[in-house]
Structure formats: C-alpha cells, structure tokens
Amino acid sequence: MLIVMQSLATAPQIDAVVAAVRELGLTPHPLPGATRTAIGMTGNTGSVDPGHFEVMPGVAEAIRVTKPYKLASREMHRENTTITLPQSDIGSQTFTVIGGPCSVESEKLLVQTAEFLLSKGVKLMRAGAFKPRTSPYSFQGMGLEGLKLLQKMRAKTGIGIVTELMDTEHAEAVEEATDIIQIGARNMQNFSLLKRVGKCRKPVLLKRGLSATLEEWLMAAEYVMAGGNYQVILCERGVRTFNDHSRNTLDLSVIPPAKALCHLPIFVDPSHGTGKRAYVPPMALASIAAGADGLLIEIHPDPDHAASDGQQTLNFEATEKLLTQLKTLAGVLGRRM
Amino acid sequence: MLIVMQSLATAPQIDAVVAAVRELGLTPHPLPGATRTAIGMTGNTGSVDPGHFEVMPGVAEAIRVTKPYKLASREMHRENTTITLPQSDIGSQTFTVIGGPCSVESEKLLVQTAEFLLSKGVKLMRAGAFKPRTSPYSFQGMGLEGLKLLQKMRAKTGIGIVTELMDTEHAEAVEEATDIIQIGARNMQNFSLLKRVGKCRKPVLLKRGLSATLEEWLMAAEYVMAGGNYQVILCERGVRTFNDHSRNTLDLSVIPPAKALCHLPIFVDPSHGTGKRAYVPPMALASIAAGADGLLIEIHPDPDHAASDGQQTLNFEATEKLLTQLKTLAGVLGRRM
Amino acid sequence: MLIVMQSLATAPQIDAVVAAVRELGLTPHPLPGATRTAIGMTGNTGSVDPGHFEVMPGVAEAIRVTKPYKLASREMHRENTTITLPQSDIGSQTFTVIGGPCSVESEKLLVQTAEFLLSKGVKLMRAGAFKPRTSPYSFQGMGLEGLKLLQKMRAKTGIGIVTELMDTEHAEAVEEATDIIQIGARNMQNFSLLKRVGKCRKPVLLKRGLSATLEEWLMAAEYVMAGGNYQVILCERGVRTFNDHSRNTLDLSVIPPAKALCHLPIFVDPSHGTGKRAYVPPMALASIAAGADGLLIEIHPDPDHAASDGQQTLNFEATEKLLTQLKTLAGVLGRRM
Amino acid sequence: MLIVMQSLATAPQIDAVVAAVRELGLTPHPLPGATRTAIGMTGNTGSVDPGHFEVMPGVAEAIRVTKPYKLASREMHRENTTITLPQSDIGSQTFTVIGGPCSVESEKLLVQTAEFLLSKGVKLMRAGAFKPRTSPYSFQGMGLEGLKLLQKMRAKTGIGIVTELMDTEHAEAVEEATDIIQIGARNMQNFSLLKRVGKCRKPVLLKRGLSATLEEWLMAAEYVMAGGNYQVILCERGVRTFNDHSRNTLDLSVIPPAKALCHLPIFVDPSHGTGKRAYVPPMALASIAAGADGLLIEIHPDPDHAASDGQQTLNFEATEKLLTQLKTLAGVLGRRM
C-alpha cells in the first residue's frame, strides 16, 4: 500500500502516518517527491484497510499497489529518481558515461585513464578490484590491494569510482573505497548480498542477471531498497539466448518497459553486452536513443594488453570519437551530457 | 570463390571469366561495383584452383570465401547494396520508413493511410493480403481480393507496396501486385518458397525467423540470391527468448554484425518486435542509431479497431511525431530521409 | 463447442446434430470414441448457445471449449487417439520405433536397412527424398527419384514408409509414395502446407518447431485436423536454447503436458534432438520412461559414410542393443512393443 | 596437467611427485582410484613440461588436460566418483532419492516426513532453513532456528539431511547441521560462496544455474574442488528458455554429456524442473532412464498447505507409488536402490 500525502501536509502529519504504519507491524518508507511526500509500506499488507489511513490528517489517498515490487515501482514514485554524487548527477535528463578498465591493474593505468576521462568530461570511472571469473584458475582481481590503488587514484584525480562487490565479507571495504557499489550479473539474485548493500550508504549499480526477467530484476532492486538504500541504478548488460553473433544478447528493448514500470535510472553496458569492440559504439548510440540514462563502457589505453576483456574494450581514440557522437545525439534528444 | 577483376577490365574479359566458371560446372554471379566488377561462383567450389583464374586477362585476384554464404557475404561484395525502386532508394545512406496497416481491410483504409503517409514523405506502404495466423480459426487475410485492393490503391495514390507471400501458389499474383515481396518470419526456412522468390524480379524483404541465428538468416538470403534475385532486404522483427516484458525480444544487437558480414540493407520492425504501441517509438529511434537502413511500422488511422495487431499499431498522430524525431536523428547521423 | 452424445445415441440422432451444426454455418467434426460419440465444431462458435443442442435427442451435454485448439484438445476427445496402419498401430499402449537413414541414397541402402529393421521387429522406416538444408549449396535430396526408390523398396520388403513433404507442389507425389507424411520442424508454421496435408488421407507426423511453444505446436496440429485429417502424430525433436552441450535441447519435459492437453500420440526424435550418436540411446530410454508413444531414430549401416547427419546416426549393432533395452523398459512400463 | 601413477607405485613415489608439483609453485591434488592414483595439478600449468614428471619413479604418464575444468574432468579421473555417507552411498551404480519439504516448517512436519521416508527406504531428506526468495517480502525460511529443528529431527530419526547454504556467514552453522550442503541455482556462480564450501568437509550438492552452460556448471564444481572438497554432486533443476509449458525447462539431455565429461554423480530435481506435481513422476522415471544417479524431490504430507512450492510437491501416497516405479526401473537398468 502507498499513502500519498497532500501537498500541504506538515511534517508532524507525515510522522503520524509513519507511526501508524509501524503500529500495524509494517515497515514505513517515506518517499519525498517534488510537490508531495508518499509513504510506502512493506510487510504483509494484504489485510490493511486503506480507509484506516485515509481518515488521517494530511493524507490525500491510500492506494493498493499490485506489483510485487513496491519501492521500485513507478506507481509508488511517479517521478524519475535522480542520484546525486559529488562528481555528477545520475538520472532524470542527464546522460552519464562511466568508463574505465575491466580490472585494476596498476596505479599508473588508473591515473592515466582517469586523466583522459576527465579531460573529455567523463567524471566516473569503473575498474574491478574483485573479479568474478568463470574459472578458479583465472586472475581473480587485485582484491583489497586494488581498492587501495583506486582510493589513491581518486585522491589524486578527483574522479568518482564504480567498483564491484562480490561478497558480504568485503562490503565495508568496498563501500569505503567507492562512490557507486556495483553488483554483478551473476550475483543479481544473491539475496544475502542484496540485503547487505541495502544497509550501505552508497548508490548501488545493479546489473541484470543473465536470464533475469524484468520483474526479477526489479525485485532484486526491491531487496536493496527494502533494506533502506533507495539509490539503485539498473544496468542492462546482455542476456543469454540462442544467439551466437555476440557474447550476450544486449536487450535494449527492456529499457522502455523498465522506464514505464520503475522510476530508477537505467544504464547499459554495451561492452559486456556485445563482447566485441567494433559493436560497442553503435549499441552505445542505440542505448541513448532507446531512453537509457547512461553507459558503462570498458576503456583502456591499450586494450590488446588489458588484463581481462580486451576484445570488448575501446582505446582512447575510439572513446573520444564515441563521446563526440553521444554528445550530438544527447543534444537532439534533450539530454544533458 | 570470388574473382575480382581489375578496375580497367573490359567487358569481353569479364565474359571470358564467366564462361570459364560455367565450363567448370559452376554458376557465375557477376557483381558489378562502383570501380570494379567481381564474379562470385556457387556450386561445389571446393576443388577449384584460384590459379586457374588468376592467369586470365583482366583478373586482379581470386579469393577463397570461407563463409557458407557467398553472394550475401561482404567479402564478395564490399560495397553496400542499394535497392532502387520507382518510389525510393533503399540502403546506403538513405533511411527508409515503410508503414501501414497489418492487414488489408478495405480500399478506403488503404487510400486514407497511403495519402497520410505520402503527405509525410513516406513512399512505401505495408499491408497484408495473406496473413499467417497461429490459429486456423483466425482471420486469414483477404487473399487475392486484398491484392486487387492494393493494386487499385497504388494506381490511385502512387505509393509503393510491400506485401507478404506465404506460398509458391500465389507467387505470381503477389509479384505482379507488389513492389517488394515480404517473406514472413515463420517462412524464413521454407526453402521451397525461398527458391521461388529467387526467380522473382521484385525485391524481397526477408524477415528473420523467431530463433534464427545470423548465419541461418544470411543463408536464407543466400537461397534467394542463389536463384538470381540479388535484391534482398533483411528485416529484424524480434526473436524468441525467455523475456516476457515484450512479445518478442527485438534484437538490435544483430545490426552491427549483420552489417559487418553482409552488404544487404537491414530493416527493423519494432511493431512485431515489441508487441506494444508505447515501445515502438523508442525502439525505432534506437534502430536508426544502431545503424539500421529502415523501419517497417504498423500504422492505422484507428488502431483500436484494426482487424489485427492493433495493440502494437501507431495512429497517425503518433506516427507524425515519430517521423519528426527520426528526421532529426537521421540529420545528425548522416542519413538521408 | 463440443457436443457429447449419450452412449446409447443412435446414428440418426448423431446425423441430426451434425446437420444442426452445419445450419449454423459451422463445421461439424464427429469424433467417435469407445463408448460414445462427441461432435466438435469449428468456425466462429462464440455466439452459439449450448442450450440449442442440449434439447436435441441423444445429446448428453454441450461444452464450451476454451483452449484455442479444439480438435487437438483432450477436452474434446478424452481417449488417446490410435493411428492404424497396415504395418503397425500407433498410440495408446503401443511403443513404436521408426528408424532409417536421414536421406534416400540408393535402393541398396534402403533394402538393406529395411531388412535389418524388419528382422528386429521394426515395421516403419524413415528416409528423406526431399531434404531441407540450411545451405542452398548442400545436397537437397534425391527428390522424385528418391520417392520412386522408396516405393520400390516398400514393394520388395513390405516395410511402412515415413518421408518428409516440403511444399504443396509435391503433396500428391509424397502422399502416394508414403505411409506417413512428415512435416519438418522448419515448416511447423508453414500454414499453407499444413492446410494442404489436412486434405491428405495419410497420417501426418508433425515435428515441433525450433522455438514453438506447446500451444503453437497444438495449433499447428489443429490446422491439419481442421482440414479434415485427424491422424496427426506429434514429434519432439529438440528446441533452440542457449545450451551448447548438444545440437538442440531435447525437451522431454513437454511430453507430460502434451499428453495432458492433447489426445494425439507423441514421438521423440533423439537423433536430431541431441545431434550426437552416443547420446541417442540414453535419451531414447528416457523418452519411453517419460511417456512417449514412439521414437524416430536415424539408423544407417555405415553412419560415417552417410550422405547426411552421420554423426547422430546409429549403426545396426547400436540399434539392436537399444531395441533390446527399449523392449525391457516397455515390459515394465506396460507398453506393447 | 595430470600425472597418472603406475598401478604398483608406492606411497613414497606418490609423495615425491606431490612434492615436485609444489616446488613448481602449483597445487597438487592426489586422486586415488581403484587400481592406481593420479595427481592433478592446478595453477598456471601452461609452461610445465610433462617430461619433467615422466622420468620420476612410479609415474606412468603425464597428460596435458585441455578442458578448462581439471579436477571435475573425466580425463583426470576416469572412474565415477562415489560419495560415502553414513546413511547411503551416492554415485556409481546406486540410485539415490532425496525427498522432503521445500521449507523447514516445524519439528512435527520434519519427523513425520522422515519417518515416512525411512519406512520406504529413503535415507536422505531435504528441507530448507534458509530460503532464497524472489521477493524480499516472502517467507525467507526459519534460519538458524530451522537448522536446530533439523538437528533435533536427525538425532531422533537418524535420517541424513540436505539443506541449502545461501551465504558464507552461515557456512559453519550449515556445515555442522547437515550431511550434504546444497548450493542453489541462483548461487551457482557466487564464487565467494563456492570457495567457502571448497573448505567444508561435507559433500556439496551443486544445482545448475538457470542459464548455465554445462561448461560453466563444471567450472563451478571446479571452484569447490580446487578448494580441496572433491565431494560434489551435480543437480539439474531446469533451465530458463522460451517454454511456457512448465516453470523451467528440465534439461535431461545434459545428463549424457555431463557423464561423458565429468566423473561426479548427477542428480535431477523434477519438482523445481517442472513446477507441477503431475509432471514430477514421469520426469523422475525419465531421469533414471537417462542415466541420472539420483533425485531431489519435494514431498510433504499435505502439499496444499505447505509453506512454499506446494503446487510442485508430492504427497506421501504419490511418493510411495513413484518409489515403487523407480525400483522397478532401477532393477532392469542395473541400478541398486
């Protein structure tokens, strides 16, 4: 159930509704909007009577929400969610590029890439310290050592950081080191991890699982939000189908329904989505045209010698060309970039 | 094998190569380009020695082509194929919209839609006289009667026609009535039908099968081309996956690899691809950004009362808005429209 | 709508109901059962009132059938359909093996295989005269010449024949030459072909399409039955998924729901389903355990030199071993074989 | 690389090889077999020379293993792995049924079900204390409380326990409480969790991920084995495809290739695989016929009132009937049960 307050409702009126929700053994989630506040509630709401709230002062209406996701649902939060970072805002009418190498390899690589990105107006950088790898014998990332390099690099350059968290054990260290916590596709339904980042105070970039339906993806976001962390960014990175023309099947068609059902920003990762360098720019352009709020792109000064994923990574020259094209499109599509 | 002629090769030199191919029991396919001619050959080319041709006057080189498709392969035909129609050119740097109702319903509907389309600069119209339907009890289209209405409408308005051929029996009637022959997704591997349209003298719009790999799709195009009809337009219309957020999974990611491997124009049908009216415009914009050469869109003056597929059909107002957006994007993407 | 007659209903009473259905502009389909007759009707039955029939003499009840397939539905025909051939009955408690080479290659091969099969109690043989091939440059089968060889072989050995029909053009010739007409997976939604075999007087073995849902498959059977040919055998042959451990994903899990919803016999083709010789026997055993009514298996005296599909073909020795295992399982599962 | 010792090799000879592997900075994995020992090695083996080992006393041969999985590969361990539990052996020629409720609900339910299972010869019971649920608002299992009930029940009845571990935090508690640790499908590529159970001293039942290829599944087993825990049981539970006739697509066709490539036992979970009670028995019978080593089945005295998954759960009567059928099949298939 969602309780929509009147636009002139006072703070004490809102507090009273929050308290009334708690009395019913449910969890209230106040959701402030531009003109009015709504209060979501989670728990077993099946037996709650909307009339119980509609008589309270300051309440405009109480609405039964039928989707299994509530906090993530646009029915409960009509306006687009904007995520505010020191470096950049995400969502709404902004288009945000996050670029960088697949893995943290060295401080030199990080600083070189960060300086290049900043010089082109890109203010967020991705790089993995913990790497989920199909084989136990592959390079598993630099780990805590890598986190330290990321922090040194940020102190030096000021760029924002996105890095992956793979388990609850390193949640604190990653939360400390990064600006956005990435949850990888293979962990999209690692519910213990989702609950843990629900307790973090950094935004979460939640990659779509390889065979996740849109509803399952939104339910995974709901796990994070139900824990109290409402700053979730969805990221489409390709799903698994019979197709063999690319590493995964980048599903841009999920963007319009995700936007219709959910108020969270949605990004696209065309690097993992296609698995092939040459296909990244056209799919990046298609992403902004389809309505995405940003991109996650693998960029490396020398992709052919990257520690991982080189075949899907752009060099600086290709990145610069793509950024120019994206800015042109952003202009005609009414997006700030 | 592909024999590339020197740019100054004479017509008699080309003819001599063509004759030499025939002598080996193979079928020659001369492929004229802007600066030089190449001659493809099909049949069992496994045992043919490139040296046999390289000594002939006017021959630049003889190349073994390893892909199972040959005539459709960009290795054999480096430049984009352009299809020339009285109403419009397709391919190369043009972006072409084909719009119209799912089914032929009445002459009035056809004329009204054609006049609207022409007034907005759209010169090709789609409408099905023969309708492939999952159920034997559903409306199967107006058939030959529908073809007649299409011809009357064309005589009156001058718009070009795209309509589906479902079986060899009606090949002659459809070829006569239409400007482009459509082969539906469910018939993409109806090899008898593909061979038949290989004998037609009208371009073929070949929809991708619901679970066709890119290679199978190009092989289907190869069936048509091997019959002598080189005017093939590929059309992505969504594939079948586990996704339930749309009717099919529109696979825009197939466009870059299709363009890399094949010289034929590629269109997108976002109406069947999404199955939902509201998702058609964003996916249409994404298609042009991803590199598509055109769109096939379902348009009807009153979609809620269309004989079929109304839920995925745009009305005139939505069409007009979309065409304006497409023109803006075409402008910045270097496409004529 | 389905009209169930009383068990004591007379022939004139049944005829009267049939006539009443026709008067409403609908098509009656009398479906005789062991104890009583039911009369299905197809056409636009939406506005028909069950009460119209329930007052007629001999009528037990009139039931609205809600599935989009009617004639194929178990709601309309509760008992399993048995298909009676001169060589063998199919369906009910029989388990039937159909074996033979992928393609007709020579009379000698056909006779040798037929004699081997008959000596092991296998009374139906498969062999393709028309071959659907992904590439236009691959061997397309011996065609009409192949049909003649099949007929000569049948005259000599008495074995029953299953062969594929690929287009309406050859429908008469194939119907004449074969005992069961096979419709291939790629033609499962070639609706013109389905309508044509609905007019044939030979049973139809209908392979499941590569991405067909169960409902679409039953609707394809419905197309054949709506034409008047009720002798349809379903054949699962693997669907297309992300799996790469076998050529297709053999979907044995479709057998129980197909049996629940539909009264037609269901076969399995583990040769195409797995694409690998070694996996055919375990999946054949699993098929009978899952409830299949028979198998379609590729068998060749010398698989490594077969004209097509050798890697998924059993030799005589492996066939004999498998037949012995199947007979043991049939015994404990209550199946005649 | 795999070093195969001679059948008469002595323990000191084996120890010398193990030490030599360590000296190269690699990890040795001695794999004792019935007639001889093999020593696998993991780490960066690319530069190791087989000749280095082949000259050592007692060594029969040193083989490069090309599959990305090594410890799980049949190339390294030709004989089937048997897992020895106090209650029952798993693998080889045994067929093992593990049954029980989806969730731990109460001690009474557990004891009642255990006593029923034991009376029918079933010696292992499944029941989840930690439940992975798509929605954060669904019942998440009884947690540690549930583990205590499981332990009380085992003390009382002697039945063996299989229960799921969802995160590293509860690894110790689950290892203590259970006989087999289950890793769920959604965690198949939770690499941190896989590494953790690699350190456990209890067998691991590893469910296949919803879109995992066979190779990825074997690589997940490899993660566990590379940690030192060689007691892994694979469990197929349905994959995600376009099919809508069942909850997931139970992929029995993975059994023969899994058996060919890997020496570990493989189980099937027809309850999650089909999602529908009526389809469980035929798919269970098909599993044993396809070569599976056991089943994981949801059983509850009153499925319609189960806390979760009731629609796919068998009651005692249906279970008893299925066990009788399985025993009959096991008899003719040469399996002990």
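A, B, C and D are the chain letters, set down in written order, and residue numbers restart from 1 in every chain.
Methods note: a contact is a pair of C-beta atoms (placed from the backbone, for glycine too) under 8 Å apart; a residue touches a chain by one contact, two chains touch by 3 or more.
All of these numbers come straight from a predicted model, not from anything done at the bench.
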Pair sharing more residue contacts (C-beta pairs) when A-C is set against A-D: A-D
Chain C and chain D, separation of their C-alpha mean positions in angstrom: 38
Averaged-CA centre spacing for the pair chain C and chain A, given as whole angstrom: 50
Computed distance of Cα centres, chain D from chain A, in Å: 35
Residue numbers of chain A (touch at least two other chains): 211, 239-242
Chain contact graph, described as a line, ring, star, complete graph or other shape: complete
Chain B-facing residues of chain D, complex: 240-242
Contacting residues of chain C [partner chain D, same complex]: 211, 213-215, 238-239, 241-246, 249-258, 260, 273-274, 276, 278-279, 282-283, 285-291, 328-329, 331-333
Partner chain C, residues of chain B touching it in the complex: 42-44, 68, 132-137, 166-169, 186-187, 189-195, 210-211, 216, 219, 222-223, 226-227, 240
